[in-house]
Every structure is written in structure tokens, then in C-alpha cells.
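Look at the two complexes coming up: chain A is in both, with chain B in one and chain C in the other.
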Partner chain A sequence: MRNIWDTVISNRVLFLSLLFVILFVFFSFTIPGFFNLYNLSNMTQYGVELGLLALAEALVILSGGGGIDLSVGSMMSLVSILMGVLIGRAGWSPVFAVPLGILAGMGMGLFNGILVSLGRILPLIVTLAGLYMYRSLALIIAVDPQFGPNPMPVSTFPESFYFVGQYRVGGIPFQVLFIFLPVLLIFHFLLSRTTWGRQLYGVGSNETAAVFSGINLKKVRLTVYTLSGILSALAAWVITSRIASARPDVGTGYELQAITIAVLGGISIQGGEGTVGGVLLAVAIITMINNGLQLAGIHQIWQLGALGAVLVGSVLLNQFLIQRRKI
Partner chain B sequence: MNTWVRIVRRREFTVFILIVILSIIFAVSTDRFLSISNISNLLSQLAGVAIAAIGMTMVIITGGIDVSVGSTLGLACVVSGSLLMIQAPFLLVLLATLGTGLAVGLLNGVIVAYGRVPPIITTLGMMNMVRALVFQALGGRWISGIPPEVRTIGLGKWLQIPLAMWVAGALIVVFSYFLSYRPLGRSVYAVGNNPEAARVSGVNLKTTLLFVYGLTGALAGFAGLINVGRTGIVQTNNGMGFELDVIAAVVLGGTSILGGRGTIVGSLLGALLVAIIKNGMILLNIPALTEGVIIGALIIISVLIDLVRGRGVR
Partner chain C sequence: MKRNWLVLVLVLVLSLLLLSPAFGQDKYRIAFVPKLVGIPYFNAMEEGGKKAAEDLGVEFVYTGPVTDDVAKQIEIIDNLITQGVDAIAVAPNDPAAITPVLEKAKERGIVVMTSDTDGAEGVRDVFVNQALQDQIGYTTMDELAKAMDYEGKFAIVSCGPTAWNLNTWIMYELERLTQYPDMELVTIRYAYEDVQMAINVALDLINAFPDLKGIIGQCSTSAPGVAEAVTQAGKIGEIVATGVSVPSMMRPYVKNGAVKSFVLWNPVDLGYLTVWAAKYLLDGNQFEEGVEYEVPGIATKPWYVAEERMLVLGPPMVFDETNVDDFDF
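Here is the complex of A and B:
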């Protein structure tokens, strides 16, 4: 019995699965309106943006060398308002504006990546600077000279823009089926089945060994920061379409939630350890907690509080287990 | 000669020169920059960041980070605001505020030192939990209308300089001395440079960590008291984003994010640089929106300057 318990808590994916099931059963019995098909399928859409950002964070943290991306929220804000301005104010078709927005996200990620890998500046510093710069640029873009000097959100979109965030296919939200799941599958495949994935884990767990075995450290790191930018831009597209509004501050605070979820999902903050599956489970758990608390009428600030407690608690438990294993 | 080269090569010197250049530019292009009221206004906004940066510098020197200072400041605002509203004696307000910050900081310290949870994780979680607490305490309302006569710590001046800045200055002098000459201060650097070597040579790792996180919490609390004194209002979002301002000041001031190197005076200069930029932009009517671009670019440029000179950030 003790052995089974040990396996469950020392295997993150198993532990999270168990936690998920327990919470699911608990909410189903205690919160009215939780366990029905509509709520369950509806709930999934709220996890998409956070899930994409958490995945971005996971990739960056995996790459090691103090890898972290504090700028994901700001990149999301900038891409969101960029798409909004192009479509809503300049009258562009989403067919051109969305790819340009994704390209902008890629550009910002690439800029971070160049400074980290070629400039050899620490990720925390680069992305802190990125957080400031991209957020500020988002506010500047949002200014509509017609209405004075203050940044304004954009809410005038053509009907065709809403399919990503508001349509359903077979009862399941479009963005879950056609954006989130494919992205997850692609990254699961990349990380577990390709040379690039093995290189990423290698770079993250032992930089020196990776370099000596011929892995191009700079290229790997450059790629993950660029991917982080692209994923943030995807998240921006989804959220802008879902809430039908482009806001220059939409991503504020998301970076910390994304980091929390990545770490909760078993991505070691030292790099080189963790899986896409773990991150998916963490996103599912957090989305479910948010939904449950909301249905129970508890203010959303407590969702953040609970998130903090779960994060510290899960890592504490982990460290405790490592200590015990050593003895 | 050698000493001069050493001084010129320091980050503090780069930042100092930037401050001088910017001050000259602002002084020439606006007529209000050097006015006493403007400088005093600038300093009263600087004081909070400068005080919290003392603790943050030490935390970062040990190789850690504390992103919970903004929430701690928020909680301290609630405590001090509520006590000031009922006109409690100042000593009680001060002790309660410092105590609140100290409690949060020590909790961080215990989790980092005894639980061995990475600082970024610990303080990230703490940030969210304390913010929830702030919200719960205020229940979505504001505390406003705190009478000016009990707000001396934020409004008071001596020799035209805000009282809060005098306190900040005194704290900077005391803790700079402490960090350079006292055993516990030296152990802060030792822990950041090489924790294993520090432990073997008799430095108490856990005590040192408890001390730096506790101090940071208490100082963030004090910054909250100053904030309430200055504005007279307590809101749920008090201190949101404050942690980034403090970290930016410390990083600009030359403290290595990898630990083991940095000075409190450097962080003060970093904070001053940011404050001068913000202030000058307002005077020049440059939209405040561009502020982030400038601060972000400055952080990167100052680190790149170090790299070009071959000093490296590592």
C-alpha cells in the first residue's frame, strides 16, 4: 500500500491525474450545474489561452539556463491590439491581419531569443525588458488619434472573425478542437519523438554535456523563444475572437499564471524535465477549479489565491519526496 | 589610477553618468525640472521603490528573487490604512505594518530555506495568495479620506526633502554598511557566490535566507505605509506591478541576477534613473505610454554595455 502511494505522488502525471479525478468527483457532487454536458464542454474554451501560454512557458523553462519568459502576457496584448487595429480601424481582412499578428509574435519571440542565445543575457532580464517594451508598444498602438491621447480597445470586428473563439463543432468549442489539441499533439510529438525534442531535453538538463555532444545550444534556445512568441500570438488570436474585443492590457498577469501552470504540470524550473501531458493536466485542473469556484459564486481573485497555494504546495510536496528518497 | 579604472568600470558609474546626462537634458529643455517642488515630488515617489530595493538587492545577491513585494505592499496598505482611519498611535501603525510585511517575508523565507522550493515559485505563489487576502480584506471597496494630519510619513518634509526620502537614505546607509562590514551581511554574498562553500565555511544558510526574505517583506510593508501616507487611499490593486519596478531598479543598478554581486547604492541609482525618466517625460509632455519601451530598452542596453566591456553578466 505504501509503495502504491509512493509511486502515485512521485510520478507527476499520475499524481495530477488522481488530483483531477478527485476534484472532478468532488465538484460534481457539491456544485450544482457543474456536471452537465454543456458546462463541461463550455468550460474547455476558457483553458485554451492559458494552455497555449503555459505550453510556451514550458518550452522555454525546459531549455534550461535559467530559462523563463516573463513577456508572454505582453506579447499576447500587443498581438491582440495589433489585430484589432488592423481589422477594426484599418479595415483589413482577418485573412491578412491574423497571419501578420502571428508574424509579429514570432518577431518578438525571435528578438528575445537573439538576446538570450546570441547576446548571452539572462532570460529573466531579457524577458523582463520585453514585458515592459511590448506592453508599452501595445498601449501606443491602441491610441486612436480621433478620440484623444488615451489607448482605446477595439470591438468592431466582422462576423467572420468570431469563428475561432465562439463557434462550436459537434458541441465542442472550435478553438479547443482545431487549435489547442493539434498544437498539443504537435508538441507532444516534437518533444518525445524527434531529435529536436531530445536536444531540448539535453540542453536543459546538462548544458555542457549537450554542447560536447554536438548540439547547437544557441539554435535550440533561439527556437524555443521564437516558439513562445508564436504561441502567445495564437493565444492572442483566440482570446480576441472569444471576448470580441481587442484590449491592449488583455495579457496583464498572464505570464505568472502561465509559469504557475507549467511548474505545476511538472516542468522543473531548473530545466530539462517535464512533459506536455503534465502541462495539459495542470491546465485542465486549473480550468476546472476556476469553473467550479465561479459556479459556487466565489470571487475570481480566490482562483488566483488557490492557484498560488496549489503551486507552492505541489512543489513543497515534491521537494519533501526528493528529500525522503535520499535518506 | 587603478582605483579610478575600477570605479569607471562599475555599473553604478554607467548609471550615474546616465542620470547626469538625462538631468542636464531635462534641466535645459524644461524650466520646471530643477524646481524644488518637482524634485521633492520626484523624491517622494522614489522613496518606496528605493526602500523595497534594499531588501530585493540582498535577495537577488543570494541568488533568489521576490516577486511578492507588490502584494505585500498591498496588504501593508490595508493594515496601515485601516489603523490610520481609526487614528491609532503612529508607533502602533508602524509596528503593525512592519509586522505584516515581516510575516509574509518570513513565510517566504521558511518555504525557500526549509522547504527548498525555488524562490521564483515560492514568491509567485505568495504573490497570488496575499493578493487574494488583500481583496478579501477590502471586499472590493476602497479606504479613502484618511485625514492628512496622520499622514506625516508620506506628506511630511524636512529641509524641503520628503521625510520618506530621509528615512530611505538612512536605511540605505545602514544596510550598505551592514552588507559590507557585518558577518551576516558578508554571508549574504557568500551564499550567492557559492552556497556549498559558504556552508562548509560555517555560514548558516537558513538563517541568512530567513533574514533576507524577512527583511524584504518588512521593507515592502514600510513602502506600503509611505504609499498610504502619500495618497491617502487604499485600493485592491495597490502595489500591482510594484515588484517589476523594484526588480528593474536592482537589475539596472548592476546586481547580478545569478547572485553574489551587487550593491544597495547601485539599486538606488537604478531606481533614481527610472524615476527621472518618468518625471522628465511628464514634463516634456511625452506620452507616458512610451515609458515601458524606454525602461525596457535601458535594461537591455545597460547589460549590453557591460558585455561589450567584457565584464559579462555571468
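Here is the complex of A and C:
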């Protein structure tokens, strides 16, 4: 018994699983409308965009060297409005506009990566600049001359654009089944089963040792920032399709939530430690709390507070339990 | 060990099955989702909604995003659908983005409405409109004319030069101006949504036109701005300011005499009417063209425009020293 308990508290993933189960059971008993197949599958769609961004954040933070990407929300906004302008105003088919949007996200991530790894500028500075530049660019692109100098959202999409964000397969939202879960599986595989994954953990936990063992530090860091751009673009595609509107401000505020989820999921802010599974659990917990609070009719102002409280609370509890065990 | 777990799981599942039909209530549950919660304007609508719910014996659910977040607003509406409310009224942050989730609500037999701001025009059952554009323009002009004693020069300080609603109001003000032959519009200036800029623009106007007798501040920031300019220039009594704005921002200028009256609508009544209209539709009634409805609990007689499926609260409301203290939005 004592052994099981030790494992649970010292293993982030098991600890989060336990927290998840406790909350799940608690909500099922106390909140009417929470425990039924419809709600449980319906709410998963609200974790997808944040989950993709948190995964992006996890990769960047894992790579160490003060790695952080504050520009994920702005990249999401820019890609969203880019797709909107191409499809809604220029009349492009989504078949071309969506890949181009993903490419644009990749380009922005690559640009961040070049500045960080080749330009040797602190990630915080680079991506903070990115946060403002990409957001501003999104607003500029959104200006519709018809309405004067004001940025306008785009809402004229063909029906075929909505399948990603609004369709269901067997009752489960399309984007969960065909975007989020595959992406998670791919990254779980990459991180745990490939050389690249081992290099990433190596670079993150001990830069010097990694360089001496022949790992190309710059290449690894360049790759994670680029991947962060791609994941942000995927999130942009999903949210634009889901809300049927391309908005230059859609990603505002997501960057900090994404970092919070990554850290809650057990990604060490120093880099080199953490798993995809932990991030998934963190997203699941936060999505479930949001859903539960809303169904219980609890005022919205508590929701962001809940995110912070769960973060601090779970870390404190974890620390406390580990400390106690040592005595 | 294993048996304990099994028992626990069994107990859980059984109790959930027993608990699940905890929903059934016979009172209608009517929800209103504002653009954002926590600002005085929507607090006032909430107050009206609550009052209506008490009077009509329904349950009022008031919930919305903390910022004017489009995605969050949709998520909140979706969760209201899950909760199984009977009617959802929304002041949409994005008139198009709200459409799919309102369609979903409608498919489930929920009465869907917009209030304060329109959206999803093809889907919603009714739009509860605070006031008609032409009447806001006419009333503003009438209030200015009265304050200027029906003669003299005046100027308009508008906000965004392309703001559709402001330009429409100005158009109707000019239409009304033809009834006041001794009044003359000297210029229209733009100050964007910025009180400080409105003050500067109005101070320039006061210098440029020494015989100016009145200024209209066309939006909620420019109206207090022009009133502040009149105060700063020491022209209270010579120049009168008016416009479309909220009592909380205009109160000091009504007190010091720079403003005699200004125009808006009553958001408390708007909230009341929203809940009343939802109940009316839930009871199986239909609105009819041109009918004026008796709604106990509000000061106006709303009427219905069938072509736009729109219920209009009433004529705009005029605020002056007699009633400006009665409102805290």
C-alpha cells in the first residue's frame, strides 16, 4: 500500500490521474447534467485549441535554455485571420488556404527559432516581440477597406470549411478524434521512442553534456519553435472552423493559459522533464473544471482563478507529500 | 484490494443512476448571455431580468464571459444547452459566429433570441431591440433644440467616422433639423472612442466658432467629452452640450449645468423585456405586426416589427436632472 502511494505522489502523471478521477466523481455526484455521454463528449471540443497550444509550449519548454513561446496566441490569431481573408474575401478554396495557413504558422515558428538558436536572443524576448508583431499583423490583415480603417472579422465560409470544428463522428467532435488525439499520439511516440526525443530531453536537462555527446543543439531548438508554429496554426484552423468566424483577436490570452497547462502537466520550467501524457491530463482536468463550473452556474470570474488555484494547489500538494515521505 | 475497488465503482455507478434525473423543474429557465459580465450596462440588464423573473415566476440565469470573448461566449451558450434551459437570449460579440450554436439550441427546441445587439438573423426567434435608429436621432435633435431655445449655431462631435450606427443617427438628426429653421449646423468632427480627444476637438470648436450655442456628443465617450470642454472653457450657460451616453459618465455635467438632458434607453427595462418576451414565446404565443404590448413592470409599450422579427422596447429615454441619479450604469 505504502509503495503504491509513493509511486502516485512522486509520479506526476499518476498524481494527475488521481486528481482527475477525484474531480470526475465529485462533479458527477454534485452537478446535474455533468455525467452523461453527451456532455462528456461535447466538452472535449473545448480543450482542443488550448491542448494544441499547451503541447507547443511543452515542446519549447522541454528544450531548455529558458525556452518559452509567448507568441502562440498571436500566431493562432494571425493564421485564423489569414485563412479567413483568403477564403472569405479572396474566394480561395479551403483546400489551398488551410495548408497555406499552416505554412504561415510554420514560417513564424521558424522565424522565432532562427532568432533564438542562431541569433542567440533570449526566447522570452524573441517570442514577446512575436506576440506583439504577429498580433499587429493580424489586425492589419483584417482591415476591410469597405469599413474604413477598422479591422473586421471574416465570417463568410463555405459549408465545407466547417467539418473540422463542427462535425461529429460517432458523437465525438471531429477535431478531437482526427486532429488532437493523433497529434498527441505522434508526439508521445516522438518524445518517448525516437532519437530526436532523447536529444530533446538531453538538450533540455544538460546542454553542455548534450553538445559534447554530439547533439546539434541549434537544430533541436530550431525544430521545436517551428513545431510550435505549426501546432498554433492547427489550433487556428480548428477554432476558426468551430466558431465559424476568423478573428484577429481570437488567440488573445491563450499563451499564458497554455504555459500554465504545460507546467501543471509536469513539464519542468527548467526543461528536460515532463511527458505528453501529463499535458493531456492537465488539459482534461482544466476542461472538465470549466465545464463543471459552467454547468453548476458558478460565475465566470471564478474560472480563470480555478486554473491558477489548481496549478498552485496541485504543485503544493505534490511537494508536501514528497516532503513528508522523505521524513 | 481488487474487491474493494470493484465495490466502490459499483456503488458510484448505482448512485449516479439514482441521481441523474435531478433536472425536472416545472419553472421555465430563461438565460441571458451578455457580451461580458461585470460592466454597469449589463449589470443593469441583469437587474431588469431578475425583476421580470420574480414577477413572472420563471428562473433567470445570467452568465457570460469575463471579457468580450467570442469563443468563450459560444462555450457558455453550449453549456446552457446541456443544462437544458428553455430559452436563451444573447447579446452576441460576433453576430455570425453565434449562428451555429444558436442553430443547435433551436434544434433542441430552445427558444433563441438576441437582445441589445442583433446576430444570427436567420435563426433567432426574435430580436429585442432597445430603440429604433431614427428615433434616437430625432430625440437627440429635439433635446438639443429645446436646450438651445430653438435657435443658433451648433456642432456635432462624432466618434468613428465610419461607425454605421452613429452615421445613421446623424442622418436622422439632420432630417429632423429641417423642422428647426433658426438652427444651423456648422460642422461635424470626429474624436474616435476617446474622451480626451473629444475634449480637445470640442475646445477647438469653441475657439473656432465664437457664436456656437450647442454641441452634440454623438457617442458615449464624446458626449461627456464635449460637456467637459464646455466646463473647461467656462461657457456653461452660453453653450449647451447633449448627446447619447450613459448616466454614470454624464451625471457631473448635468449637475454643473453644462448638460441639460441627454439620450439613451433604459437597460433595466431592456433586461426585463427580454425575459418577458422569452416567457411570452414559451407560453406558445406569437408576436404580431404593429401590436403594442402591455408589459407590466416597464415604463414603455413595446411593439413588434414582423418583417425583421424585432420587438422594440420603445422610444429612446431622455435623462435630465430629475432622473439621472436613479440609474447606476
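In this text, the second predicted complex is superposed on the first by the 309 of 327 C-alpha atoms of A that agree within 3 Å, B and C clash if a C-alpha of one lies under 4 Å from a C-alpha of the other, contacts with A are read in each partner's own complex, and residues count from 1 in each chain.
In this text, contacts are C-beta pairs under 8 Å (C-beta built on N, C-alpha and C of every residue); 3 or more make two chains touch, one makes a residue touch a chain.
Treat the numbers as computed from the prediction; the structure is a model and nothing was measured.
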Output check: A:Leu280 vs chain B and chain C. Expected answer is one of first, second, both, neither. What do you get? neither
Just to be sure I read the superposition right, which of the two partners does A:Ile125 touch: chain B = first, chain C = second, or both, or neither? first
Examine A:Tyr46 and indicate which partner it touches, taking first as chain B and second as chain C; both and neither are also allowed. second
Looking at A:Ile301, would you say it contacts chain B, chain C, both, or neither? Reply first, second, both or neither. both
Considering only touches as defined above, state whether A:Asn291 meets chain B (first), chain C (second), both or neither. second
Does the superposition put A:Leu139 against chain B (first), chain C (second), both, or neither? first
Can A:Ile239 be said to touch chain B (first), chain C (second), both, or neither? second
Regarding the shared-chain residue A:Ile68, is it in contact with chain B (first), chain C (second), both, or neither? first
Is A:Ala309 contacted by the first partner chain B, the second partner chain C, both or neither? first
Shared chain A footprint, chain B vs chain C, residue numbers 149, 299, 301, 304
Which residues of chain C touch chain A in the complex? 12, 15-16, 19-20, 22-23, 37-38, 61, 63-67, 69-72, 74-76, 78-79, 82-84, 94-97, 99-100, 160-162
Which of the residues in chain B end up touching chain A in this complex? 65, 67, 111, 115-118, 120-122, 124-129, 131-133, 135-136, 236, 244, 247-248, 251, 257-258, 287, 289-293, 295-297, 299-300, 303-304, 307, 312-314
Touching residues on chain A, where the partner in the complex is chain B: 66, 68, 115, 119-122, 124-126, 128-133, 135-137, 139-140, 143, 149, 151, 256, 259-260, 263, 269-270, 299, 301-302, 304-309, 311-312, 315-316, 319-320, 323
For chain A, which residues count as touching chain C in their complex? 25, 28-29, 32-33, 35-36, 38-39, 42, 46, 49, 147-150, 153, 155, 162, 166, 239, 242-245, 247, 250, 253, 290-291, 294-295, 297, 299-301, 303-304
